[in-house]
Each structure stands twice: as structure tokens, then as C-alpha cells.
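Down below is the structure, laid out as C-alpha cells.
By written order: A, B, C and D. Residues from 1 in each chain.
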């Protein structure tokens, strides 16, 4: 019974079907029919014009999106524990040509106007310091917390006030959206670019860069090619994304994952480091308790000395979730 | 009847099967069983120790391989018409941090010791000029020509003499290998790194970086992650590559593609710009003739004013190839 | 009697005086009075608003200027023998983060609309190719040839038509300007940015980046700092530049250098590879002749097997120039 | 009476003399006699073989030195308040192609094995995190504190244990050396590379990169050229450095600056945030007190809300220092 990572989840049957269906002759390098459909699909989803490009990973999506906002001599304000800071091996430094991540504080890995403001207030010495060019948040955050509409608006406001781009790492955007009630528009707020996650949510190897400033799309197309992320058989990536959007499979999957996490959370209520909102739980647990759980067949990630991370996904067996909840409650 | 590109070819059934089989729980980010098998598979194939990493595209494979040899202030000697120079939107400049391609001449887009030597002879002004750090060739070349063992040895020799790395872009390595008789060792020569192509040969979205200097593998693993090319579900990439290597499917596919091209070549013998060796043909043709062929249902790429490019692939119908041969002969 | 390089010339007395005068307490990092004067000085010189920043070298000036026009995924059209291509060790690749030089042909290392047009005509394959973002010319060219007003206007026209930036490497801008009659405006044409040379013309270690798009100045100030080219005692650089502009010393020096070259040219008329316009001569000469000249005490640079380069400068003794002229005539 | 910055200090007469003397014809681009003398000069100074190259700024020196140790995908452990982190506008990100600064804690902006060890202990997740490639310290630190022999040895030890390069930013190396008794060897410890400061100590625009791993010198020469930091009249930079080394002017200047600071410290003993060791003092002072001092004609830098920074230099009038000491004591 694995609660290790949603990256280990299987590929959704509808994704498989769509990929199979895409295995017909078409032209290469995203000139195929499926790839050309993406802009319209996401424009419909978000209710405002956008351009959408596929890439294989969230790291590539984040970095290509940020490249539309951040010059090499600039900086990106993000949380001290953001994925782009902690887990991407310096990818933003590579894609943004040495631009710097400017680290802000905030509870539960969420940025706040106050945290952002403190970073901005520290930039006072002109050319001797890296200027901020963008803000990047993660929806949901690294601790599984969701920005609501008001919180997004507040960050949009500070971004606009300072002329900063506003990017959202949406590796688990679907889960955040499901938590907020299912409106992609609400979950996105007025961001300028989104990394729309698919792999953790039942996809195989496709994410989408969504650009609400569509004039930037051409630049990103060049940058994507230059980064080796334009696949000659890109139709198989577009197929994954479109399959997820059809019949709201992406939301259905996210709801299933969130629900499984809620089941587990019920058994761990007094141990939760953060309230459960999506498919990630951070649960206080000592070494002996971890061993006890593992001996019962549960797999999970040791986040740090004080807590473990439990992740559910679209295919998590709810019975397994109940078993885990009971096992934790019984510790 | 498409002869446009081997990138438009369908995915081989054995590849599909292997991907399906890979859709079982495993750990993410190339810690899975399939990904861990790659080094041994390629070590067996080439008869010398090597490390193998998957990426989604040949551009990424080429650039990551070159990064093991070329410092940011250095240069890569390649043919004036090499793919890395002509078709990758400056990706080497991105991955190598501004390193320069140093362009050499050579018949049929093949490098020769003489062509390489002329580039080296022109580097005489110390720090004012970019020094050469590596040689990169394409096997088979952009015009479908294959380096034989003697030619590879000659370039190896000049590389060693000048302390240069030696990289091979093997987007169509399988076709070259099939042409040379099927020995991967012969087709690779004593290169330091190979971009092993799979996508054009029946794969979906996986290529392999092969490093014969295995001490460089760790660096490439970091660089790959940093470039957003480490896929969390990398097992699906490894599955594609392994499926191709099993039962020599990769060679079987390449032989089929080459054979289809040979059929076409028979009908176009007096029009061939270069001798047919692999699955690409460059055929002299004027505008009226092109129109005539297209009206008969044949698709292909206008290379330039003087010739068209015809590409076959593993699934090309040999009857279609005969039809095209006859149609060309009848022009 | 050295005709090797204007880089070997002494520093002009007025420059020395100005540097000495600058050795009074002032605030660091270009907040001093002299540095703050530069914008107005060059705005007056060119008769249109511009921003001016000092750097130590022409390479830095060229690259910082180009960075205002060229994105990392773009290209700079320049002559195949331009200094930025031949002699700067890949500096544009470094400063422009992998952007590519797109090489054009043209007599005497001068670009023409035709040469530029051929490069542009070859960019047809969308994201697979590096797009042009700027044109860079050298005034005077690497072979000492000057663009006149009509030639500059023609290149301006093609740049505007294709939305390209227009940069001028003016390492010997003073000499070109002197040749054209002394109007900086005429010699610059409607470029967007200029690297204004001073070192070869009697300076010590200061050049100026001139930005006619003044909105780009802030970005260049950051990029300059980031490149380690903002000197804490920048007042000594500003002092050099201002000294040159005062009383048109820069033109006086250039005229003296050009005149010395004209003297030499008189003795070498039938050997000139290009007509003498500024302070550089390219003179056909065989090995025996070179030896003969050197035995008479003349120093110069072996350009290639067919010709030598002779360079005069502001302090070249005109008697020495006559001696050289006679010596060449007597060969 | 300025105590704002040693960057505002005048140029030492011996430096002027040496620059004047360098204004004789010689070959360009550091092929001149003075530049070629540098390696031997510093080898003598440090008692072990080294290579020395001039650049115009400390930022360039730091970054070129670090480039010998740090790959683009690596990181540099430095103090959270190090100059390379706080004041160079992201220059390390530019020169190191996106490499990351890994921030350590330590009293008075000095690194300790413990602080370094904590950074290293946090790097546990393989390719998902930037690996450390080097340690960089500042001698003396940003708060004017000096590493003694034991402290240097301890950091050398942890660097060696983890295979890290060891760089020293020596913008005020002279002051540290003077404080330690005058032995350059003691003040440098067993570092791999040093940025040897000259500008703050009576120079005009020259610093030296000192490489104790002399095999790296060739690479740095290329990188320097590529960064636009190879000056054609580099002889004027070498002249500055050599003038400072002759008769130990560099130490004499540093001793004078340190002594002036000691005078001021005497009057501010109970306000010192850190003990005075070199020519920088951090003095607790409220707004009213700052105003009072300024009204008496003293200039200085507001470090933060709690303290001001007072900097002396080689030419600081010791009477002025006494006046400042008395004025502070009288507050």
C-alpha cells in the first residue's frame, strides 16, 4: 500500500486510449491536429484567451513560463521551500540564465503579501542587488495548502503594483481546483502563466505551459525547442492533456485523490502538521511509529525528523486509505 | 503515401507492449527497475562499459552529451549542415552556455580529418578565439551517408591528437548500423558519447544518451534534471528503449526502413544526389515533377530548389515504395 | 617604428590630465559627478537623446549593447569577419546566453542589405532555427572601410523592416567619423546602440556604451554590474571619455592617425588590398618583403599569407610614416 | 571628513608613478612585460607557485576564480551576507552559468566548519538538489573580521573532505594580512584561489585573480577574454598591482587604514557591534546621533537601523580619525 508519491501512480485508462488513438500518421513537431487544439481547449477552460504548449516535465514548464517574465539579471520571488528552489537542481538558474530566486517566508509554504513585501523592501541598493521580476507561487503549496481567491488577488495586487510577472506552479493544480470547488478560473486567479500539471494526476509524461499573455507564446515556442522539449511526436503529449480535459477527468481524478487523503486525515487528525486540503498529508510521527506502519505494509516518504509525507492519487484504493487511517489512529 | 519524415511513423507494437507493461507501481525519477537496467543493456550492446540515460528528444541527448566535453568557453567542431547547427534552434548554445559551433566542410555532410584539420588550423590567436573542445558527427549524416570503420578511426585519431571529445549524433544510428552490417560496435567506433536514437525508429518519445566515459554519468544526471529532462515516470522511456533492444527490434526496424528506401532508390537511380545507404533519399526534381508526384498522392519534403527529401521508416509499406519508385522513374 | 596596433599607442596627455584631476574624493560606482555627466555629453554629440555608460573594453561594450536587442534564443547578423565573431572568444555567446551570430557576406567586411537579406532569407523553418534579433556592423570595418550615410540608411531600413535592433561596433568610430568629415551623427546613422571606442584612440581603459533607446539604460546598468564592469572608481573611466570629447580631441587624434595612414598608403598604392580610409592598411606582401621591412626596423602584423596589416595611431610619427611609405615603395 | 568607503580613496602616488612609467610602447593584451611579471611576483609573495591575472573589479575576480571550481549545475557555499550574495547583482549566476550560492550562517559574516557542515548536511536528495562544488570566504569578512590560521585550516579541512574548491574574496586581503602580522601566506591559508584586492587599498582599477592551481590559468585566461576583462592596455593594470607589491606598499597602506580605524574604535569602544580588526567599523547609533555627527561634517554609510559603517583607508587623515573618535565618544 503505497503512499509515497503521486508520481508513482498508474496512467489513467482514458489517457492510454487517447495515446493509442494518436498513433496515426500526422505531421511532426506540434504541427499535428491535437497539438493545435490545445490553445482553444485551455481558453475554454479558463474563460480567457491563452496559449498552451506541452512539455514533458513540471520543471520544464515552470522554467519556460518564468522565462517570459524574468530577465537573466532579475529575480523570482518564491517561497523558501518552493519546488523551484528545493527540488529542481537549479533549473531556474539554467533556464533563466543565472537569474536568482529571492526567498520569502510564509506559513505552509504559501506566499503572502507580507512575505513578498519583505523581500521587496530589502531590495534597496540599485544595481548592486538583483531586482525582482516575477512572483512564483505553487497551487497547491509544497505542504498541500491551497490559495483561495482572496489570497490570489492579494498577490496579484502586489505583483501589479511592482510590475512583476505572476507565475503559478500547478503541479497539483487539479487538486487545488477540486478543493476550491472545481472552477479553474478561481483556482488560477489572474496569473500570467501557469504550469498545468498532468503527470501526477494520471498522465504519463505531459504537462502544459499556459500563457495568458499570448504574445509570449512565440518566444516560449523557441525556448522550448532550444531546451530540447519540442518532441517530434508531440501529438502523444497533446493527447494526454486533452484526454484529461475531456469530461473533466482531471477534476474527477483530483477529487478521488483528495477524497482518499481525507480518509487518511480522519485517522490522523491530531497529528496533522497542516490541515488536509488536497492529496498530501504531513503527519507527525516518530521513528518507532514509522517502523510500525511500514511493518504493516505502508510505504511513505520521511519528510524530516518530525513528520512523514503521505500522498494519495487518482487510483489510490480507498480501502487502503481507510486501513492507513486506522493504522495511524492505532499508533 | 507519406515519405515526409520518420518522425511521423507509428509507434512499434513491441514498444506499446513494453509501455503498457511498465504501467505498474514503481519508484519515480529513474530509480525504477527498467531505468536501472539501461547501463547493462548498452554495455552488452557495445561490448564496452557505458552509462545510459533516457531523455525525450535527440536535441536534449546531443546537448547533454556535448556538455561532458565542452566548456562554456569552448567550441564543437561539426559539419556546416549538422543538425545541431541547422535544426536545433541554438540548443547547443543554451546547454553549453554560449559555447560555439565551429563549422567544417565535408561532402554529404560528413566530416573528414581534412575538414576538421582546416578548422583547427584556423585557431591560432590564443585567447581571442574560441578553442575547440570536441568533434561531433552525425551517424548517418544529414544526407543519409554512413561513416565506415576507417572513417570513424580517422576522426578518432584527430580528436585524440588534439585532446578533443568525440560525440556522435545517432538520431539514425540504427539505420547506419544496419547498413554497416549490424554491429553496434562498428557503427559507433571509439566515440566518447552517443545520442542513441529511438523515436525515428519506432519509438514514441525516448532517446538515450550513451556515455563511454562513465565517470561523466553523474554530471549528466544532474544536468538532465536541471534541464527538466528527468521524467518522474521515466520508466516509460526506459521501457521504449529496452523494447527496441530486445530481439534486435531496433535493427529489424532499421533494416525495413533502409530496404524501403532502396526500393525507391531503384526507381530514382539517376536522380540521386547522394548514394542511398539508409532510409533517406535526396532526389533531384523540378517543380513540375514534384507537383506530378504529389498529385499521385505522394508526400515529401522540399529540401531545396534542386532536390526533394524522401524518408522511409520501419512501417513504410514496401508496395508504396515500389509505387513511388515507379512514379519517379516515369517522370 | 611600430605599426602593429593602435592598442599599443600611448595615452594622450589630455587623458592623463583628466585622470589626475579625477583623483579627488567622490562617491563610488558611477554616482560621481563625471559619470553623471556622460549622458548629456553624448546627447550633445549625437544631437539626439542617449544614455552613456563606461566599460573597460570594446568587447564588454559590444556585448552589453547587444544584450538590449537580442534574446538568448535569438541571433545577431554580422559579417563573417566581424570582431565579435573572430576576436572576442565567444563573448557574445556568454553575454547573450547562447545567442548565435548569423554570418553574412560582404566586401571588405562590410554588411550590405543584400548580404543581410540572404541571411534572413535562409531563416525559414520556424522554431527549428535561430531567429535574427539584431544586426551588428563595425564602423569602420575590420578592413578599415567606412559606411557612408547611404549605406547606413540602407541597413537601418532592412533592420526596421524585419524588426531587428541595429548595433554599431565603433572601436574605430572616431577614425570613421574623421574620414566622413567629422559629424558624429553622420557616422552613426540611425543605429540603436553604439560601442564608442576610446582606447585605440589615445585612451587607457575606457569605452562607452551609447544607447539611443534610453529606456534600455537601466537594464544595461544592471547587466554591467553583473558582468563585473561597474568600477568602483568609475570616475577615472568617465574622465578619459570626457577628456576625449573636450575640444574634439577624439577627432583630432583620429585625423592624425588617418593622416599617418594616408602617408603610408601613398607608398603602397599598388599593393593596397582595400582603399585606405582610416588608420588601417592591408598591404600585399610576400615573406621576403616582410623580412626586408622588419630588418629596417618596422613592426607590423602578419594578417595572412598574402598581406600584412599596418596600423597607425594618434601619436604615430609622420616621419616614420614617410619612412615606411618609402620603404614599401622601394621593395 | 569622509568615512564612507575605501572605494572613494585617492590613488596612491606610487601607483600613479607606475602607471605613468607603463605608458611606453609595448604589445597589447597582457603580452607586455609587466603583465608577464605577475606570476613570479605573487609566487614570491605567497611562497608557492601561482598564476596571477589582472581584472578591473573584485566582482570579476571573484567570479573568474569561482569558475575554476564550480560547474554550472553546482553550488558555492558562502555566508548569507557575503559580498557575492548581497552586492554583486547576481554576477556569480552569470559567470557560473546558473550555479547557485548555498548560504551558510556564521557570526560576523565568517564561515565556520559548523555552518558549512549544516549546508552540506542538507544536501541529501541526489540530482534534485544543487550539489556543493566550492566554498568561498571573505578575508576580511563583510563585518571586518579576520580568519586566523586555525580558522582557515578548519575550512580547508572540510573543503578537502568533501572535494570542494576553496576560494577567498580578498577585497580587503591587505587589511586582514596587516592585522595578522603581515604574512600573506598566513592570511591566505591553503586556498585554491584568491581575489587579491588593490582598488580599495590605493589602486585605481586593478585587482588580481590568483590561482594556486596553475593548471586552471589557461581556462581563466579564456574566460577573462570572453567576459571582456582582458584589456588591450593591460599593462596599466599590471603596473598598479606591481607598484603595490613593491616595498610592501600594499601592507603599508593597509596598516595605515587599520590604524586609522583603531583610532576611531577607541572612541566608540562600547558601541562596536564587532571588534575592530581592520579598516571597517560597525557602530551602534540612533538616528539623532547620526544627524549630530553629520552636522559636524562626518560622512558615513547607514548600514541598517541599528548601526552605521565607518570605513577608513590608506589616506585617511589620522587627525580626522581622532576627531571622529572624540565626536562619537561625546555623543
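FYI, contacts are C-beta pairs under 8 Å (C-beta built on N, C-alpha and C of every residue); 3 or more make two chains touch, one makes a residue touch a chain.
As the structure is a prediction and not an experimental result, all values here were calculated from the model.
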In contact with subunit C as well as subunit D, sorted by label, we have A, B
Ranking B-D and A-D by C-beta pairs in contact puts on top A-D
Among A-B, B-C or A-C, the pair repeating the C-D interface (over half the contact pairs identical) is A-B
Greatest centre-to-centre gap (Cα means) from subunit B is with chain D
In whole angstrom, the CA-centroid distance of subunit A from subunit D equals 42
Here the gap between subunit A and subunit B, centre to centre from mean Cα coordinates and rounded to Å, is 34
Expressed in whole Å, how far the mean CA point of subunit B lies from that of subunit D is 49
Residues in subunit C with touches to at least two other chains are numbered 29, 72-73, 88-90, 93-94, 97-98, 127-128, 222, 225-226, 230
Contact graph of the chains (line, ring, star, complete, other): complete
Residue set of subunit B touching subunit A in the complex reads 2, 4-5, 7-8, 10-11, 16, 20, 23-29, 55-61, 63, 88-91, 93-95, 199-200, 204-205, 222, 225-233, 236-237
Within the complex, subunit C is touched by subunit A residues 29, 71-73, 97-98, 126-128, 131, 219, 221-226, 230
Counting only contacts in the complex, subunit D reaches subunit A at residues 72-73, 75, 86-90, 92-94, 96-100, 125, 127-130
